[in-house]
Structure formats: C-alpha cells, structure tokens
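Presented below is the structure to which this report refers.
Residue numbering begins at 1 within each chain, and the chains themselves are lettered A, B, C and D in the order written.
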Amino acid sequence: MFTTVLVANRGEIALRVLRTCREMGIRTVVAHSTADRDSPAVRLADESIQIGPAAPRRSYLNPAAIVTAALQAGADAVHPGYGFLSESPEFAEICQAHGLTLIGPPAGVIARLGDKARAREFAVRAGLPVLPGGQGPASGAAEAARTADAVGYPVVIKATAGGGGRAMTVVHEPGAFTRAFDATRREAVALFGDPRVYVEKYLDAARHVEVQILADSHGNVVHLGARDCSVQRRRQKLIEETPPPNLPSATIEHLGELTVRAARMAGYVGAGTFEYVLDERGACHFIEVNCRLQVEHPITEMVTGIDLVREQLRVAAGQPLGYGQRDIVCSGVSIECRVNAEDPARGFLPTPGVIEEFVPPGGPFTRVDTHVAGDTRITADYDPLIAKVSVWAPDRAQALARAHRALEEFTIRGAGVCTDLAFLREVLAHPLFRYAKHTTSLVDQMMSTPLS
Amino acid sequence: MFTTVLVANRGEIALRVLRTCREMGIRTVVAHSTADRDSPAVRLADESIQIGPAAPRRSYLNPAAIVTAALQAGADAVHPGYGFLSESPEFAEICQAHGLTLIGPPAGVIARLGDKARAREFAVRAGLPVLPGGQGPASGAAEAARTADAVGYPVVIKATAGGGGRAMTVVHEPGAFTRAFDATRREAVALFGDPRVYVEKYLDAARHVEVQILADSHGNVVHLGARDCSVQRRRQKLIEETPPPNLPSATIEHLGELTVRAARMAGYVGAGTFEYVLDERGACHFIEVNCRLQVEHPITEMVTGIDLVREQLRVAAGQPLGYGQRDIVCSGVSIECRVNAEDPARGFLPTPGVIEEFVPPGGPFTRVDTHVAGDTRITADYDPLIAKVSVWAPDRAQALARAHRALEEFTIRGAGVCTDLAFLREVLAHPLFRYAKHTTSLVDQMMSTPLS
Amino acid sequence: MTLEPEPAGEREQVLDWVVRHAARLGDAGSAPLRRITVSTATVAIGVEWSPPGPPGAAPPPTPERADDTAADPGPDTTLLVTAPMVGTFYRAQEPGAAPFVEIGDLVEAGQQVGIIEAMKLMNAVQADRRGRVSRIVAADGTPVQYDEPLLALLPHDGH
Amino acid sequence: MTLEPEPAGEREQVLDWVVRHAARLGDAGSAPLRRITVSTATVAIGVEWSPPGPPGAAPPPTPERADDTAADPGPDTTLLVTAPMVGTFYRAQEPGAAPFVEIGDLVEAGQQVGIIEAMKLMNAVQADRRGRVSRIVAADGTPVQYDEPLLALLPHDGH
C-alpha cells in the first residue's frame, strides 16, 4: 500500500479522499491554492503544499505544480478526485514518468475512453447499444448535416474532448444546423483546444442512468449497480438516486453485465462509470465513460457498504478487489442532493459569499459530505458545491421523506449566499419525481412553470 | 398512525425522535424547559411548549406539566426518549388515564421489569441465567449478609428501584457489609424514595452485553442482535459496539432467542433492551431490562438498517412489526462513541460552558447525533452528552479506524469546556480494546496508569 | 420573574440590576425591549426585543392606563406575574364569578390573582409582591406555557 | 507580492493601502503583524499575526542590517519577492557559481534574483520592482511553496 498520497483537489472531495487515507493509515498531503489555504482538508492533512493562486489554471489544473508538490512531499501516489485533472491522459502520463501512481485508470485507457468519439467507436465494438450518429468525428459541416438528416432531428453536436455538459449543442431543425456546428467547434477549441465534434441523435425526454464499476489490475471487474441522474440543471446533476426507480432489476442487472464486459475489454482499472440514456420505451444507449470517482459515489457506498475510495487505493496499489460480484449486495434506496451556492430563480447563477451560519443535518442514515463550516468563503473560482446530503432507507418512499427532512433541517446563512435547498425540496415533492416519471427535462419543466 | 407526538425530552434524543416523526409525516410538539428554549429540537418542531424551569424535577421529570402540555397541543402520543420519565410506570399510567399513548411498553410491564428485584424473579421464571443472589429484596442486614456469604464475595448491593449505576455498592469482604448495606438503603431512599435493596454476586472482570428487542401488540417479538457496552466510566457507558467482538455468533444468537422468549412471556410491547454480564468463561447472566430506547440504539440501526424510532411509533400505534426475525440481517460492525463535556483527568467531572466552535465529523458511514451547534450552552442541569459519533464498516478493524478518524476530525472549542474526545481515542487505541479483551474495568485500569 | 422561591437578597440584587440596565439594553435593540429574563443560581439572562411591525400579545413597556397616580415609579419597573406552570389560566374562581383582580386594583404580595388549571388541579397564582394591576396580559381560559406573562403590575410600596 | 501581472494603477493603490494601514493593523493583534496578504480582483485580504513566542522563519518587520542609508522609507515598506510557483529555490545559476544577489545589492525591476526548479525546468525569479536586498528569506536549494517569501527588498526609487 502507498505510504503517502497527495490529494490534488479541493472542497468536499479532498476531505473525502483524506478521510479514507486516514482510515487506512496512509499519510496525506493536500495540494491547495491560496484560496483554500484555510480549508478543512488542509487543516486535517498531515502536510499541505500551496501550489498556486486561486485560478485553477495555475493550481489545480497545473500538472507541473502538482507533480512538483508530490515529489517535494515524498508522495508515492496522487489522487485527482473528480474534475480538474482527473481525466487528463497527459497528467496520467506525467505522473507515471515521475514515478507517481495516479489513482485512476492507466493513461491509455483514459485517452481511449475520455475522447467521446473514440469511446463511442469502442462502445460499438464492445457491443454496447449506442444512439444513431456519425462514425467518429465529423470531417466538416456538410458531412455532419448529412448524418443529422440520416438519424433525424433533434440531434446533438458534441465536442469529442468535451465534458461537464459543455461544448454540446442540441439542434432541433436542419436550418439551424450549420450555425450550431460552427459555434460548437469554436466552443470546443476555446474550452478544450480541440475542434473535433461529432453528431448523435438527441433524446428530448430521456432518463440518465449510469453504472458504477470497479476493476483491478488482475482482470477482475465488478459492477455496483446503477444510479439515476436525470435531475439536472444546465446538464449538471442535482439529485442522484440508486437503484434507478421504476427500472426493472433485470434491466439494471443486464446493463451491469454489459458494462462489466465492456470495461474488461477496455482494460479498465480503478473506479469508473459508464453513462447511458434510456428512451421512453426503456431502451438503453451508451453515452460516455467517466474515468474517475463520481460526485455521486456516496449513494453507491450507502447501498453496497463498500468504500469506493478504499477500493480505488487498493487496486491502484496493485491489490486485487476486495469483493467479487457475488459479494456485492445492493440493499435499500439511497438519494443524494447537491446543495449549491446558487440562485435557482436566476438560472442557477452561482452566488459566492461568506457562509456565516452552517448547521448540517444529522441523524439516522443521513450522510453529509462538505468542506464548509461557519465562516467559510465560497469563491467564484470554483464549483459552487457546498455540501452533498445523502440518505438511505429501506424503500424509496422512506428515502424521499428522509431526504426532505434532512434538507429541511439544513441551515445555511450568509450575506449574499443563496442555495438551492428550497428548489431541491420542490423537486423531491414534484409528482413526476415522486412517481419516477421524470426525465432530464424535469428542471426545465419546473422553471418554465412559475412558482405559485 | 398518530397525528401529533409530544416529545418529552431534550438534547440529541429529542432531535432524533423529531426526525423520524417528520419523516413519517407526524406533527411534533417539543416540550422544553426554559434552558432549552433555543435548542434545535424547539426550532425544528411544529410547535413547542415551555413546561418548566431548567431543573428537571419541575420540567422533564414533571408528569403533570408534560401531560398538560400534550393535551394543550392536541397530541395523541408522548415519546419519552431515554432517561427522565421514560421508565416510570406512574407516568405511563397518567398518560393512559388522559387518553395519551406513551411510546413504550404498557405501564404494567414497566412496573414489573423496572423493579430490579422483581425483574430478577421474572428472569428466573423465564429461564434466563441470573447471577447467584437473594430471592427478592433483602428483609434486613443480617439476612442480606447471609446471602452474601452464600454467594461469595465480592457482592453488590443494589436498590430495586435503582438505575443509571446509582445506589449500587460493591462489597469485597464481609467486614464491610453492614455499613455498605445501610449506606445503600439510605441512598436508595434519597434517590428513589424506596429503601428496598437486594444482594447479588459481583463480577469484577465482566463484559456488559445487551440484546435489543422489538415487540408489537400482536405477539410478534424479534431481536436485533447484541451490543457490547463494556467501556464504562462511573458505571455509565462511553463506547458501544455491535456485534460484541470476540463473542461467537452462536452465543449471540442463543442469547437473542432466550431474550425473545422472555420478552414474549413478559407481554413486552415496543423497543427494549435486556442487559447481561458475561464472566471470564463466557457465561451470561441476566442483569436488568431497559424498557425504552437506548442511547446507543444508532449502532443497531447501522448494522440492521432498521429505524428503531419508526418501529416504536408503529407498534405503539397498534401496527404489526415491519420485520420478522428472518428479515433482520446484521451486517458489518458499528461503534458509537459518546462525546461528553467532561474532564477525564478530573474523574470525568462535567465541564459546563458555552461551545463556541463546533465542527462535527462527516463522510462515509459516519453518523453524528447532536443537539449542539456553534454558541450552544452546555448547562450543569443535564447530562453532559454533546454528541454521539457512530460509524459503520464491513469489519471491526475498519470500524475502529473509522471511529478514530471521525473523533480526530471533530472540533469542539469553548471557554471552560473539556471533552472526552482524546480519552475516547485512547480507548480505541488501547491493546485490550483492540484485542477485544476488555471488561467493564477498562477505564479504571486506564485511569490508574498515569498518562505518559 | 417567576414564583420560584429564591433568597430575597439575591432577588433584590437581580431586580436592581434589571432596573439599572433596562434602559441601556433597550437602546441596544432595533425594536423596543420585549422581555428580560433573568434566572439566578445558574445565572441565565435572556433579553428579547419586540419583533418589528405591529406589536402582538407582548406586554407593552408602558401601562395602557395611567390611572395609577400614587408614586408611579416609571415604566421600567413594570413587574410581570408569570405562569408558575403550564396549564389553562383562569381569572376567576368559577365561571361567571368576578375576576380575582381587575386593572387598577392594588394587590398585596401573596394575594391570589388567578388560577392555573393543570390536569384538573386548580393551582392558585399569587402576586409576588405588592403592586397595582396595570394590564391583563393573558386572557381568561387560555392555555399558557411556563413563565408566560399573565398580568403586569406597577410596584406600589407606599400605603 | 507575486509576479502575477496586474494593472499598475490597481497595484499602486493596493500597495498604498497596505503602507497606510500596516501600523494600525499591527496594533490590532496581540502579537506583531506577520503577514498581510492582499489579492485583488476578488479582493481577499488576509492579515496574519505572529504566533506568540520566539519568532520562526517569518520575515522580520524590520531589516536586520541598516546598511541601506539612501532614502530609507521605513520598515513598513519592506517588499517580499515570493515564489511564483512551487519548486526548489536556487540562489545561483549553477552549483558553485556566485548568487544572483546578496544582501545590500540594489536590484532593478525585472532583474533575475533566483531560480525555481520544477520538474527539471529552471524558472527565473525576477524582482517585481527596484529595491535593495535587505534579507535572504529562503535558503539555497530548499523546497518552496507558491507565494512563499524568498527575499526581502527595501524599495529604492532614487538614483
């Protein structure tokens, strides 16, 4: 096992990784920007190294700074968390070149699966169902438009290097195609330095379902069930749930088996997520792979009892998985709500500021992952995530009631700081959500109906 | 189900009960003293009623005030929590006489099992193993001394109306018996208004193990495994663990079955705990019954997934238990640490004061039950419990590491306030505890060895 | 101010403290002072200001009627008779009977001014000290909590 | 003071602010002021006082040597050259070579005063403005974090 792990992230996920390292007796070094100098992860770490200013480009997205810090601290491994450099094949290669183990899949796997067009080609070979679309990146607007015509509108134009819902444009009719194509290419260059885009059928009313896998370097791959992540705002998840409601367990099991087979074929090692959309008839289509820990991993931990970060560290250290597929029993229902510093009434605009009063919920089957305490500054430099509230219960009705109760007792107060707490409760109470008839369009539907 | 439940308690347990009521859609009224006017339970309740001054005798121990408040608020049930009036058969009768359901066993059952001498007689009839001792209360010092001689020293003299480790005297040799007998009688009169005492064999190096049961009014009784509560200071529990470590699962299962049979024979309804001591050879002896929810119930919830307060409410409302014995699967290991405002270096003397900074631990499989936030006053009027930190893990080693990590990240700061956080970590790290060779004398052993 | 028995000396000290500091405390809040709670022995002091907006059922800082002409010691010294227990407040011995006290009445220390009924037991509420009734705060037959104000008195130490 | 480019006007304003307020801030803490951090754009201001007890490796508020006789603008204006990145600080171009600067040297804005090595890349550290070296804070060959003080300069605006 590793002696020292450098945590190359911030916020709740830095704390999350640090906690498991602590429990495993691994020394932790937290690399942080000037803005996070006084964060709880820095306070709790065995050592901390300031790697740059608040701007991520010069700190959490700066491979040289992170690797230098890791070498300075004598770390033998780096945990990238989620976001930032967690899915950068270049960063994985740099770590390897400097004798550092990056906790995640091998660089080659990230490169292959992180490129959306290549991942789609791989999925076809691996026998995963995909949405109709072009074969690889479009060579030009005309060819892409022909693909769009062939699959039928609406379509989505996506950057092959994209992620996080950015550089993605939905086109509803042929007349708008060329302009959207050019705009997406420009955005792809600006955001990812890579102009390649591809075209795929777009599902208006879809459910977003993902399968969590764990794989070791000895060829063992298991899945830990599926999560429904259909409640999204601006293509970013707000509420996640496992198991996906209203989905036959045979469907989940089948999707799990398909995913395990594909992951094995890809030579996957570590924790990973295969994302799918389900159309109105319940048919699944592969979308992409996330080669890292997900924000929403706690709900999988709650139904399986498995510490995913622990398994990540174990397999990165070359140990075999601690669980075979038969050892993994998913019991009950778990729901995560993302509490963000943002204003739902103003298009979920982030509302940075200082949180003065902060009393998280507690009690039975309620887990809070947060880096916030009283007097914490939420800056505009980073994601506005304040806390993840995850609950577990034997069935969905109790889990919904518990989530509602937990959100209700959460006190967050600070000048200028808005949160989505009230909005999350509205989602939990929404009939479409209650009856599990919701799709990724739920939030838009709610926002287009004025609050009474 | 009930419409409105009055919570006749304070601190973390008031919040605990309120949370489940909320989740079940039951209106909550919190009865509180002037000292608890600004507590979170009062803030979160649908209604609150101030029932008296800080002194428990005139508030939480005042049946008239509580029943009047319940009637004023239109409550149909009263949840007594633990301590205070939770095991008072008189209070149970008063509630019944005023048309209020007391969430707990029937008054007659409390009367029969709450009296220690009568409970011992019952246990003998129910086939539970008991320690050698007198038949019922001692008629006088001479008879009691003969009992002591017969069972062999050391012996313990206990008030039949006793509880919480008070009015209990351990006698190591015959010369000290008469004086101890008289002192215990005086203490029993002073504390419980009842001079009756009885004599029982005392085990110096014993483990304290208890079985959690649930029973409904339809004759169904189940057990939810056992808890080890051997880590005690001044006969009060500090750390609890389930399942009891180093105890064969067949022993636990056998004890569970014996307990279920006895509870059924007693006509038990509700949640209850049968307490046992285990001698060095692993033989079990019945000690007493707690006719209420225990402080340490969260660890049973964590290994079974069952919300004990929910089941309490269901069976009190006349519904059948939601679980049969076969539905109850205990998985993994759970440990609770009681974080108290007290100074271990000064005999665990309570240290009241104002808590200024309070950052509870979070993260995977970590539950915190607390009524404290920043700027909470811990008064000398009540128990010094600040928070219960409960963790779960697949095995004991991981659970210990997790508990240690959670305690380590707990920040509690306030002028004059000491906590037992560091001492709890010392217990977790103690070799006797690590190897599960500890008995109820562990804390004394640790205190008699000066800290290095 | 409750009917909790306290050493007289301590009580006097605390009252003195409240009188001396009330005005200063009043200035500290944006709204008028609503309540000062002082518990002795444990020394818990609570100061509560009125919520902004129209005043509710809270006792006013000044008496509504100025018919107490004899040695009015000023509004700051208004004393409240509070509920010694949770229950139902009655102003009279039985339905239809005359109330124990009315506004303007002079009451002696220890004189009964009302009843709190709790679990069918009628508990006498007594004035803590001599004074003239300046306001009836709790209505007849209403449920009251522990320590809730029932009547306001203006202290009256003359003859 | 970092090498992060900033509009010159804003930087001047901020420096001016720090000079004017440093003394007052120093009085506010029970221990001597240790560090004032000012970030612009987001306007994050951090003020840090020394921990009580013997001073550690923190830069002293006054220069150790008073050999800078020309137009000393006072101790409050000491400027720090800080690490522009995490890495290893070297004072000379190569092992055995003369250091880029020594105490007492006058350096010009933009003049190289050291090297930060990160991942085998040698990055020049330059003085942000003209000044006389009053203290070497970071030792040769030591690992430094981002924004850690390397040298102290006394501003020198004369000829």
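In this section, contacts are C-beta pairs under 8 Å (C-beta built on N, C-alpha and C of every residue); 3 or more make two chains touch, one makes a residue touch a chain.
To keep track of the chains, here are their UniProt names: A, B = biotin carboxylase; C, D = Biotin carboxyl carrier protein of acetyl-CoA carboxylase.
Everything numeric here is computed off the predicted structure, so don't read it as measured data.
Student: In terms of touching chains, how many steps apart are subunit A (biotin carboxylase) and subunit C, taking the shortest path?
Tutor: Minimum number of steps from subunit A (biotin carboxylase) to subunit C: 2.
Student: What whole-number Å value describes the gap between the mean CA coordinates of subunit A (biotin carboxylase) and subunit B (biotin carboxylase)?
Tutor: About 42 Å, centre to centre.
Student: Taking each chain's centre as the mean of its CA atoms, how far is subunit A (biotin carboxylase) from subunit D in angstrom?
Tutor: The separation of the two C-alpha centroids amounts to 41 Å.
Student: Any idea how many Å lie between the Cα centroids of subunit B (biotin carboxylase) and subunit D?
Tutor: The answer is 60 Å.
Student: Roughly how far is subunit C from subunit D, centre to centre by C-alpha average, rounded to an integer in Å?
Tutor: Inter-chain centre distance comes to 66 Å.
Student: By the document's touch rule, what are all the touching chain pairs in this structure?
Tutor: A-B, A-D, B-C
Student: Please name which positions on subunit D make contact with subunit A (biotin carboxylase) in the complex.
Tutor: 2, 4, 37, 39, 42, 44, 46, 85-88, 118-119, 121, 143, 145-148
Student: Could you list, by residue number, the parts of subunit B (biotin carboxylase) that touch subunit A (biotin carboxylase) in their complex?
Tutor: For this pair, the touching residues of subunit B (biotin carboxylase) are 15-16, 19-20, 22-25, 40, 44, 298, 301, 305-307, 309, 331-332, 357, 359-360, 362-370, 373-374, 392-394, 398, 401-402, 404-405, 408-409.
Student: Per the contact definition, I'd like the list of subunit B (biotin carboxylase) residues that touch subunit C in the complex.
Tutor: Going by the criterion above, the answer is residues 34-35, 37, 49-54, 59, 64-65, 67-69, 72, 94, 98, 377, 379-381.
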